[in-house]
Amino acid sequence: MGTATGIIRALNSGIKHIATKRFTLRYPEEKLKFVGDGYQFDPSTGVGIAGLKGRHMLFHDHCTGCQLCSIACEGVAEAIAMVKVPEEQKQNKKSIMPQIDYGKCVFCGLCVDACPFYALYMTNDYELSSFSKEGLIYTPAQLQVKPYVAQDSEIQISDRGATHG
Amino acid sequence: MSAETENPPAEAKPEVKSPPPKPAPKKPEAAPVELPAFEKSISDKLVEKFGDKVEVGFVKEDRVRINVGREDVHDVAEFIRDELNYDHVESVSGVDYPQDNEIEVVYHIGSYTESSLARQILVLATRAQRETNPIPGNDATKLPTLRDVFYSVEFHEREVFEMFGVFFDGHPDNRRLLLPEDWADLPPLRKDFAIKGR
Amino acid sequence: MTFTLPPGLALQKVDERIMTLNVGPQHPGSGHMRIIVQIDGDYIVACDPDPGYVHRGEEKMAEYRNYITNIPHLERPVIHDSCNVLYPYVLGAEELLGIEVPERAKYVRVIASELNRCIYIMYWLAIYGIFLGHSTMFMWPAGDRELLIDLMEKMTGARVTHAHFVPGGVRNDLPPNFEDVCLRQVNYFEKRIKEYAAVFYDNPILISRTKDTGILSRQDAIRYGTTGSVLRASGVDYDLRVKEPYDVYDELDVHTNVMKEGDSYARSRVPWLDMMESCNIIRQALQKMPKSGSVRVKLKPNPKTKGLESVYKRVESGRGSLGCYIVSDAKPEPYRVKMSVPSFRNLIALPNLLKGEKLGNMPSVYWSLNYWPVEADR
Amino acid sequence: MADAAFLALTVITIGSAIAALELRSLIYGSIALMGTLGGIAGFFFLLDAPFVALFQLAVYVGSIAVLILFTVMLVKRELIFNKIEDKRRKFAGIGLMLIIMVSLGAVFLDSGIKTITTDEPATDFRDIGTDFVTYYWPALILMGLILAGSVTGALVLAKREDVENDQRAS
Amino acid sequence: MVGELAGNYSTVVLMFGFAMAAMAPALVISRMISPRKRSNPVKFLPMECGQVPSGEGRTHFMMQYYPYILMFVVFDVMAIFLYAWGSALLEIPKMATLPMMGFLAIMFGAMAFALYQSGRRRIW
Amino acid sequence: MSVIAPNFKLSEFIKSLLDNVFWIVLLLVLIGIPAVMMVLFFMEMPVIDGELLTPFLALTWLADPSRILPVVKAFMATDIFRVMAFPGFGFAALLAAGTIFVERKMLAKLQLRVGPFYCGKFEGILQLMGDGLKLISKEIIIPAKADKPIFWAAPVLFVAAAAAFVAFIPVAPGWVVADVEMGLLGVFAVIGFFPIITILSAWSANSKFPFIGGIRALFQMVSFEIPLILSLLGVVMLTGSLNLSQIAASQSSFPWIVFLPVGAIVFFITMLAELERIPFDLPEAESEIVAGWLTELSGMMYGLVQLGTYLKLYAFAALFVVIFLGGWNGPMVVPPFPAELLEEGIELGPIVAGPFPGLPLFDQAMLNGTLWFVLKTVAVIFFILLPRGVFPRIRVDMLLNLGWTKLIGLAFVNIFIALGLLYAGVLGPGGLQ
Amino acid sequence: MTSELVDFTLVSVALLGIGIYGLAVKRNFIRMLFAVEIIINAANLNIVAFGRFLPHSGGQTMALFSIAIAAAEVAVGLSLIIVAYRMYQNVDIADFRSLKG
């Protein structure tokens, strides 16, 4: 008898879920909403400000070319290289700025923690695919651009199940 | 790390560096005498039984370290199992000390059955001779296996064998475990095996 | 007895009835490892696990990086349990460096650790479902896991590889309004996992399939040194959160789930009960957590330890007790890092359990051992 | 129509009967044997005995052929492709076959059955069932005994004697 | 007329033949339009989970379940015998069920023995 | 578009299409039509509606569609039409394709997913076509030591055997490919072919996993065939016929499932096992033996096996409907055809189409029967698909125990229930029917 | 002209001849079993043919019994083959000499 009731319970649960709202996100059309603008670091308190660890954004006017981000990356992914920037973009004395290879980056955010001048942020742009390896290397000029991300889906919990509304 | 690495744990013992943490910087002056009682009793039992053969590495809260010579390790392990009620080995780690020309094998032994020992880890360390040009399995880097004492060391010892070249005498199944079949280099966790580019 | 031939190539002449079957590495029921089974008809005569296909030398790599930069790569073996796999390393490094962690950071760590445990168990459960041919049990946990991943993402900014724990606390403070969202989603999550009972855990077909298969007796569980849910399913009441509480677990009310049977079913049910317990712990921690305060102690960029000393710390991860043995020699880099991982400790039970089982029980017994091949290989 | 079917069935049946015995691989031999059995079933259809024909298909092709295939596959691979026979016996066998075929064929062709034709409707299959339990019921019971005996005997025969030196652990 | 009834059954053969004739071109077309690269001999090895195949692929048998096939051969006959009886049941007298019951009783005895034998996995 | 195929240009694509169309039309006009005419000229043409069919007559159909109707009707009365299209292969393949789509969407819904979504504008409705195109354009890899003839033939034979099974299914009164006296026994004979095809295919691949899978399939199908055969005996006893059309017709007042629920349950379970659906999909248990006996099949061979599997699924569901659920019987819901439409034609404003003397092609009873049959079949298919979402796979020894002890026992219980009903006078002559 | 009784008998004679040839020539146990099957089928064909042409339902009934007995015989015969194969690892009938009493 236990077997029969168990089987009926399982079937019942299955049929019930046919009427439950589906949970899946239709990804390219809908995108998840994240906290804040992205991961930042506040050197004064020593803790980060929560946010998505996506692609970096570099504020050229804050960057001093101190290479701390590159050093921080050394043991992790070696994705950051300091490159010469053209004279017209020059913001610091050495005129070097980080260039990030997203083929290597692991998005740990240690470079953001290392930057003492609020120059590196991480944004919530994570769609970084490219057809070539070179396309994944972001120069300082590319890193300067603030990405446009339209993300609005949030998990909604209702009586008929959770959805990405 | 030149001179003081001779026999590091042994050196660490006398002045009991165990609670050196910063938050209590006052402690080191007062601490040396007050070893945790229960842990002390365990190490005392061992010293009582084996005398000079065992050397107490340190006695910290929940952790007791014993250094044993390679010929006594089997007996000590049996004593630990039978008398002290430890019943399984959590991990077997090799540590390479090229300066001492020795490879240390550390057994972390714990107990499930004895509730008072639940938070205790007995660290049993022994050392094997280290060869400059190792031929794993065929050189002097050998230790008696503890598999007949603690069954749970079986795979751990196999791992130590391939990672350090320490051959465990009497281990029934001393084969490669993790490394690829065609690995023909040094055992990789020895200090003289360098990662490329570093 | 030097390097013997790898087991797959050293085919001994056996009885004609016996066939050697390579299960893995490219097999839907093996994970990143190979199990060489010899079968006589439907029965497994001998079994030889052959891990190592995803060995990446984490321990060697850790010797070249300093205490901070070790963090992102040490969590890689178990990316869906990355907080817990870092936890013992961080605790050990804190002891070596002599750091006291702020109270709020400890609570944040506990919450992150428990969330991550649930994430891991959901992943494990999904694979367990698909190993038993239950495709719904693959999809539901994979979907409901999203609730917790969303929380972790809000908390740490990454979906799986958080790199959140550092010596001295956690990387960032909780985002505003996190407590409410966390409570809401965790409550809903608990409601969801209770629904798994009807379709999975109380399913008579599953019960008849996994009951009395691969029985690991209490003595054997202790003798093999198994840990985590495998141990608790065999009737040993051992949970490090209770027995050796780290951080703030001694202030929380943690209940240990123990089952006596020791079969595949018990081993699969204990993690499920653990998830509910984790939800409880998260709720307690959210309640007791200091509402404000520092979450991180500032460190020097390249922290150095005092002298040559060693430390062994362990935590209860999703798979069981996870120990980290760190030897330091007063340098920015650790001298030796050894992860004593639960998967590797549980693997020893596999050949013993599979011997004499039916071939059809192989996936259920294998996966019920809570074995994560990448972690075991490190 | 019926003639064409008859000819085709004859070719299939006799051809595959020869193939069953002469093909090198035993597996192909079993498949050819299935062809023979199916051909015979076709003849039964032509003889208005669909019940027997489908019984033949279900029992012979569906189960006996499976059993034969299984047993053939059980045999070592080299033996499947091994043909054990000698030339002289083969010629003698062919001679014997021809003698039997010619003499029996001659007898049949000479006898009166050549003239037998019928226009009566075919037997209804329900009559078979009725026959089973009325007129032929002792035969049915005997049939049951034979089947029971055969399954018992087959099981007792096929089980292994050397269980003691079994390597299996369970 | 002999051979009349066979015409009805020919449509089944026709269906069989039609399906074969319709499906074989699918394979042929697929063979024609699909790429055929013969460069890599490893591609044509049998599946062995990424290892080089060892041993013979056709040697393995679940002998533990062999009795079930033996039983099938015999009880299949029994099942279709039952059809001969069952389809005529409306026309035969009630007493005539008794021989069939006797037949069934014998077969039940045999089946009980056979199930007992096949349940003992160790002897196969 | 440019992301997927960077060198794609719409204008060139359209130009190539137009080129192809031009050449096809040209060749058809210059060669195709004359060739057809020549062939038709020498063929003996049938007489339709009292008119001898000539090529010129055939040409006039192009001008007057209503004249084609008698020809269509005549064609529909032939065996070829039945085999190819309506109760036969085309109908079954259509339902099978629908089954695949419904299975994927329904399973997705049960698992809180979306399912196929992008292929085809509406909810991935063209996914199956996409899969078929993918399968047909994939390389067929044959293992080196495989037994090639058997290996090639097995998928085709599998589909053919499934199609032969479909041939026995009556869809509507009079609409059945093979209206034979021994329909049910024919079904059993055809079912017996599947294990042979499976084991031969598995053997010919010369690989370990397919062979284990094939042996498992053999054991499973063979073990469940006897309960399957026995579970239908009750109905046969009560109707006294093996003809599926008669069995379906005998349920005009009530379906047999009312009296023989045990047999229906046993038949349903054995059906799942014969179909290798999920609680019993041991021959393809992917976590134990990679894909079972399908491991070495690639490309279109795999596609054909899938097609055969779903044809078989349709056929079994239809058999369940015919035997236990009353087949085509159901209340008449199709409205009668309006007479004025057939006599006067359709008026759409200024245009008057018709009248069409040949219409309707199908009569009312047939449409109604087909409707009910399809509805019931879809319901049964739903219940066949549902276990895939809620049950795990069982083990081979459990399966054999289930088949040989429990199901055979239940089947005999069902037989005795039927016997009791018959001899107690509830059913049969003198009873309800 | 429709098919007549004599046609069926001739086919069955041909099958009988082939079966006897197989029994006489082959030394492979399984092949001999094939030959036996062919002979049994030839007999069945005759039974059914005569039952049809000398109208009597007994012909089909006998054929059913005959097929059933053949099934039983195959089951036992294949068990014997398995036993013999297990003992001698061969299917050659010449190797089975020691099975003689």
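When the chains are written out, they are named A, B, C, D, E, F and G in that same order, and each has its own residue count from 1.
Throughout what follows, a residue touches a chain if its C-beta (ideal position, glycine included) is under 8 Å from a C-beta of that chain, and two chains touch if they have at least 3 such contacts.
According to UniProt, the chain labels map to these proteins: A = NADH-quinone oxidoreductase subunit I; G = NADH-ubiquinone oxidoreductase subunit 4L.
All values derive from a computational prediction rather than experimental measurement.
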{"item": "Other chains in touch with both chain E and chain G", "value": "D"}
{"item": "Shortest path length from chain C to chain G (each step joins two touching chains)", "value": "2"}
{"item": "Chain pair with the higher count of C-beta pairs in contact (D-F, D-G)", "value": "D-G"}
{"item": "Length of the line joining the C-alpha centres of chain A and chain E, rounded to whole Å", "value": "57"}
{"item": "Where chain A and chain G are represented by their mean Cα positions, the distance between them in whole Å", "value": "76"}
{"item": "Centre distance in Å when chain F and chain G are each reduced to the mean of their C-alpha atoms", "value": "37"}
{"item": "Inter-chain centre distance, chain A versus chain D - centres from mean C-alpha coordinates, in Å", "value": "72"}
{"item": "Where chain E touches two or more other chains at once, by residue number", "value": "1-3, 5, 9, 48-49, 55, 58-62, 64-66, 69-77, 80-81, 84, 86-89, 91, 97, 104, 111, 118, 121, 124"}
{"item": "Residues of chain A engaged with two or more neighbouring chains", "value": "7, 10, 13-14, 23-24"}
{"item": "In chain G, residues with contacts to at least two other chains", "value": "2-3, 52-53, 64, 67-68, 71-72, 74-75, 78-79, 82"}
{"item": "Complex contact set, residues of chain F against chain D", "value": "147, 150, 180-182, 185-186, 188-189, 191-193, 195-196, 199-200, 203, 218, 222, 225, 240, 242"}
{"item": "Residues of chain F touching chain E in the complex", "value": "79, 82-84, 88-89, 135-146, 152, 155-157, 159-164, 166-168, 177-181, 184-186, 188, 190, 203, 205-212, 215-216, 218-219, 222-223, 225-226, 229-230, 233, 236-237, 240-242, 290, 295-296, 299-301, 303-304, 307, 396-397, 400-401, 404-405, 408, 412, 415, 419, 422-423, 428-429"}
{"item": "Footprint of chain A on chain F - complex, ascending", "value": "106, 108-114, 117, 386-387, 389-391"}
{"item": "In the complex, chain C residues that touch chain E", "value": "8-9, 11, 16-17, 19-20, 22-27, 30, 34, 39, 41-43"}
{"item": "Chain D-touching residues of chain G, taken from the complex the two chains share", "value": "1-11, 13-22, 24-28, 30-31, 33-35, 37-38, 41, 44-45, 48-49, 51-61, 63-65, 67-76, 78-83, 85-86, 89-92, 94"}
